[in-house]
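Worksheet for the structure shown next.
A, B, C and D are the chain letters, set down in written order, and residue numbers restart from 1 in every chain.
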Amino acid sequence: MMLFGMIATLAFPLIGFFLITLLGRVLPRPVGGWLACVSVAGAFISAGTVLLTCESSATIGLFNWFEVGNVSAHFSILVDSLSLWMSVMITGVGGLIHVYALGYMKDDVRLNSFFAYFNLFVFFMLVLVLSDSFLGMFIGWEGVGLCSYLLIGFWYETHAYAIAAKKAFVMNRIGDLGFLFAILMMLFFWGTTQFSVVFIQGLGLGAGVLTAMTMGLLIGAVGKSAQIPLFTWLPDAMAGPTPVSALIHAATMVTAGVYLIARSHVLFSGAPLTSLMVVGLGVATAVFGALVALVQRDIKKVLAYSTMSQLGYMVSAAGFGAYSAALFHMTTHAFFKALLFLAAGNVIHGLHGEQDIFKMGGLRKKLPFTFVVFLIGTLAIVGCPPFSGFFSKDAILAEAFAYSRTVFVVLCVVSVMSSFYMFRLLFLTFFGNARYGEKHPHEGALVMQIPLAILAVLATVGGCLDWPQESILTPVLGVTLVVLALSGGVAYFIFGKQVDVLAKQPVSMGYRMLWNKFYVDEVYQRIIVGPFLSLSRGLNQYFEIFLGKLDVVSLRSVRWVGYPFKKMQDGNSGTYILVMTVGILCLLVGLFL
Amino acid sequence: MTYLETIPSEWYLILSAIVFCIGLCGVLIRRNAMSVLMCIEMMLNAVMLLLVAFSGYYRDFSAQIAVFFIMIVAAAEVAVGLVIFSMMFKKTSSIDLDDWGHLKG
Amino acid sequence: MLFWIEKISLVVLVFCVTLVIAMYATLAERKFAAFFQDRIGPDRAGPFGLLQPLADGIKFFFKEEFIPANADRFLFVLGPCLSMIAACMTTAVIPWGHDIVIFGQTMALQIADLNVGVLYLAGVVSLGVYGIMIGGWASNNKYSVLSAIRASSQMISYELAMGLALIALVMHTGSLSLREIVQAQHGGHWNVFFQPLGFLLFLICSFAEANRVPFDLAECETELVGGYHTEYSSMKLGFYLFAEYINMFIASAVMSALYFGGYHFPGLYHIGLSDNSAALVGVGVFFLKIAAFMFFFIWIRWTLPRFRYDQLMRLGWKILLPLAIANMIFTGFLSLLLG
Amino acid sequence: MVTLFLVLSLLTVLSALCVVFTRNLIYSVLSLIVCFFAIAGHYVLLKASFLAVIQVIVYAGAIMVLFLFMLMLMNLNKKAEASKPFSLKVVAVGVCLLVLVALVSIVFLSAPRVCFAPLAPVSGSVSALGPLLFNEYAIPFELTSILFLSAVAGVVMIGSYGKKAKKQ
């Protein structure tokens, strides 16, 4: 049952991918999309069945990948509560987003290839979470990177989008290098990357080695989960279609880093220095994301920076050992962030591609359904008590309180900031005067609304999944509510009224700093890309001259050396056979005489 | 004394070697593609003779089956080879292998 | 020693009989041709013209030996010889009658009972083309070469269908030895009843292999001025013509042996003859069957027009070959079901 | 028996030499046919009668006819074959002789003597080969037929290449 279920889970999206790819040209347009939805639904059902029926964890060996010397790699599926829960979440949320994408992408010319990429992404994500070794995980890791690249650049006709895809790809490669480094270290020490071996023998290593290994893993996680300093690709990745942002860049792929840290927590617990760095990076990213999100004007960019900030939350939680809290937040975040992105997608769809929130406003009446679900998502993300975000966020905060007061305070401030920017987004979009000109906003099709409704329900009740036992929350509850009310009120006071928001733009230096995202991109451009380019140009010029001389010399010498050989290759088969015969003669004499 | 007991196996080895080397010589010194193909057939036959002889000496029919297969493949090879020659002849009005040296660099 | 005497005398006998029959086949052909065309035919040499073949032979021997200037002399002579040799070789495996007992010695009326007799037939038939090809080529005459090319492609094409028909027959009888095939047909179990389609295919193909009308494309006078033997004269021409009649005789003998029971005839064992005389009667019956087939050959020649070359090829590849394959598959299927 | 072997071998070698050293292609073909017949004779002596007949049918009856056919189609008798440079010929013959010497000395120096299995001599008749061919070697047999079929298809395709171009 378990074996069959797990193989079915993996097989459904892969078969879907192959079917859509192979039959993409013959299938009528919507069928490819439905096929994709059905395959993900099948994977969801099989993963869910396994989750409900199987109590124990197990390893299912699939095949022996390769064996070189004493290095061996088996490909097997690890079935435990973490991997099962992750697969159910991926296929569930993924399935809903698939259905949503049916409506959102229905006019796109390359609909079938979009869904093929989507299915492939789900497959690789499942490989990532189900694999029982770091090597297998790396396959999935690279695979989702590939799909992310393909989907960010899905509308590659626009040059900027292609650039964004390239940027995401390159930055992810930096992270992957760290991951690969860690894998090579494991192979060097143990000859295998199976979790079962690594986690048992991991702590036997010296602290220095362990720190280096976990640093590698951390770099990988930082790249994938868009933490400081490898985060700049995530906001740019919003170039992709909105379902892509929802699925890959909010709900699933970017949480892979958190999953990686949570999965290898045994190693991290043996390397306190790295854990400290994890916390530091996480907190810094949370603060940074929240700060930048305060002033952004693009609806998807706000959500992207908010995602970054939330990921910082999770990463720091994983850093100070609150793995279950981190994963819990990851789940609820998947619900409400997918919801928010899809609702934002509805807005964009309704406004025919408009993404600037200063050119929205007053959509509450025009898009009532979207407003309601967006409101639910906002309440969930800011941590309003009955909604899921409250439980998960406060679980992290509780753990943070136990870990360090400083971290706790900073995270609380981030929380406040996040509620402010979310309310700002909500009010700018749905309240106030309509600033979208002559456009006629409309709700999306039914296929776009049903997934939203389901996600809204999940974002509301998702907190029940892991009801916190600790009583620390009770005093927090009141504080939270007060803070929420305050920040919401401020936001409403500034942005909610029917005033000309553009006039209210402050022009202070701090604002410019935030608006330009602390100039990180520019700094990268100056200190990394620029010098690299000029170095390349210099080397190019230098080598141009040097090699220009060199190639004449080498050409002549090669020609001189090759002359006798050229004479041998006279194109006459008789000569070849003669030479061959002489060779055979030599062999005969050498071997037998 | 049966036939195989009167004739030592070395005789067949030597006969086959002689025919093989004559064929090889033909491949090397002839320029006509048809002659070369014929000489290759001759070399094949030398090997087949050896197989059949040893099939007799070892009382094993598998070698004869192998010879049977070689004949089939040789027939296919000749058919394909000859049609290629005829097309080349149409194109270059020559059957000379040295004229077909397009591999020459 | 006795064995060799027996075999050599049999070979000489068969050779002489073959030559005589071929000689008189020419006379028969002319007589029948005359009959079909409402003429009298040769009647000057001997009673009813019976000495005509001898007269022809003498004429062939005494004509001028002419070899074209640019012809390859050796090949020019080799061609007709090969034709004759290939034609005569087939007689080696044909069983002419039951064993007879002379002076207490059993003597088989067959030169060699090969266990691959049918394959031997196919092999020798495939050699028949060399005489025509070499003769045509050596004449250094473009009509002759064209004829040689035609003859070779025709023979190769029809050999396939013929071989497949033979294979179906072999599948039916389960033996490659002609003697066993004939023995298996005693009591009226003639193969023609079990392999009607195979017989028809074999018949058509033997017309083609013997270069007889309607398949005599190699020597069609209207297009090729006489074909491969345009340049031939005297006895070399005689050899070619002779070879054609021998081929006809052999084809008739093979068909009688393979499909019409050979020396068997219904009622052989009921008329109460001694073994030796029964065997001799069997031989007579066999020659009667052969004569009937030869008459059929001649009859067809003076009845049907000649095929066009493309029609010939189409018939061979697109009709006879598929039919032969179907026949073979059907036979195999049937023997699987019944056997 | 020994005489028979020697005569056949002499015929084989002489006709083989004739194939290589005759300038006239048609004589080459004829000598090769003689060579194949001699080898078929060897097969008969070795009691491989089936292979002997097949050798005649396939080589003499089909392959060499094809060669003759092509010779006639290309009308090659007039063109004297250009010969390779004399030095190259000498080298080639020398190398071949060396290979022959090497092979013969290998036969005499290192080949293990063949021991006879004490079995009754059996002949390679059809009834002996048939079961082997259609049971143990059934798959190779089918594969060769597929190979042959594809060769036929290839020949037809190559042969009709020019025709199509002309039609278009």
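Keep this in mind: a contact is a pair of C-beta atoms (placed from the backbone, for glycine too) under 8 Å apart; a residue touches a chain by one contact, two chains touch by 3 or more.
Keep in mind it's a predicted model, so treat the numbers as computed, not measured.
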Quick check: more C-beta contact pairs in A-B or B-D?
B-D
List the centre-to-centre spacing of subunit A and subunit B in whole Å, with centres computed as mean CA coordinates.
65
So, what's the distance in Å between the C-alpha centres of subunit D and subunit B?
5
Centroid distance [mean C-alpha coordinates] between subunit C and subunit A, Å:
86
Report, in whole Å, the distance between the mean C-alpha point of subunit B and the mean C-alpha point of subunit C.
33
Would you mind listing the residues of subunit A that make contact with two or more other chains?
574, 578, 581
Check each residue of subunit C and list the ones that touch at least two other chains.
none
Mind pulling the residue numbers of subunit D that touch at least two other chains?
50, 54, 62, 71, 73, 84, 88, 92, 95-96, 99, 103
Just say which it is for the chain contacts: an open line, a closed ring, a star, complete, or other.
other
Which chain pairs here would you call touching?
A-B, A-D, B-D, C-D
Within the complex, subunit A is touched by subunit D residues 84, 88, 91-92, 95-96, 98-99, 102-103, 105-106, 109-110
What residues of subunit C sit close enough to touch subunit D in their complex?
72, 75, 78, 114-116, 119-120, 122-123, 126-127, 129-130, 133-134, 136-137, 145, 148-149, 152-153, 155-156, 159, 176
Residues of subunit A touching subunit D in their complex?
574, 578, 581-582, 584-585, 588-589, 592-593
Which part of subunit B faces subunit D closely enough to touch in the complex?
1-7, 9-11, 13-15, 17-26, 28-32, 34-35, 37-39, 41-42, 45, 48-49, 52-59, 61-62, 64-65, 67-69, 71-80, 82-87, 89-90, 95-96, 98
Residue numbers of subunit D touching subunit C in their complex, please.
26, 30, 33, 49-50, 53-54, 56-57, 60-62, 65, 68-69, 71-73, 75, 77, 125-127
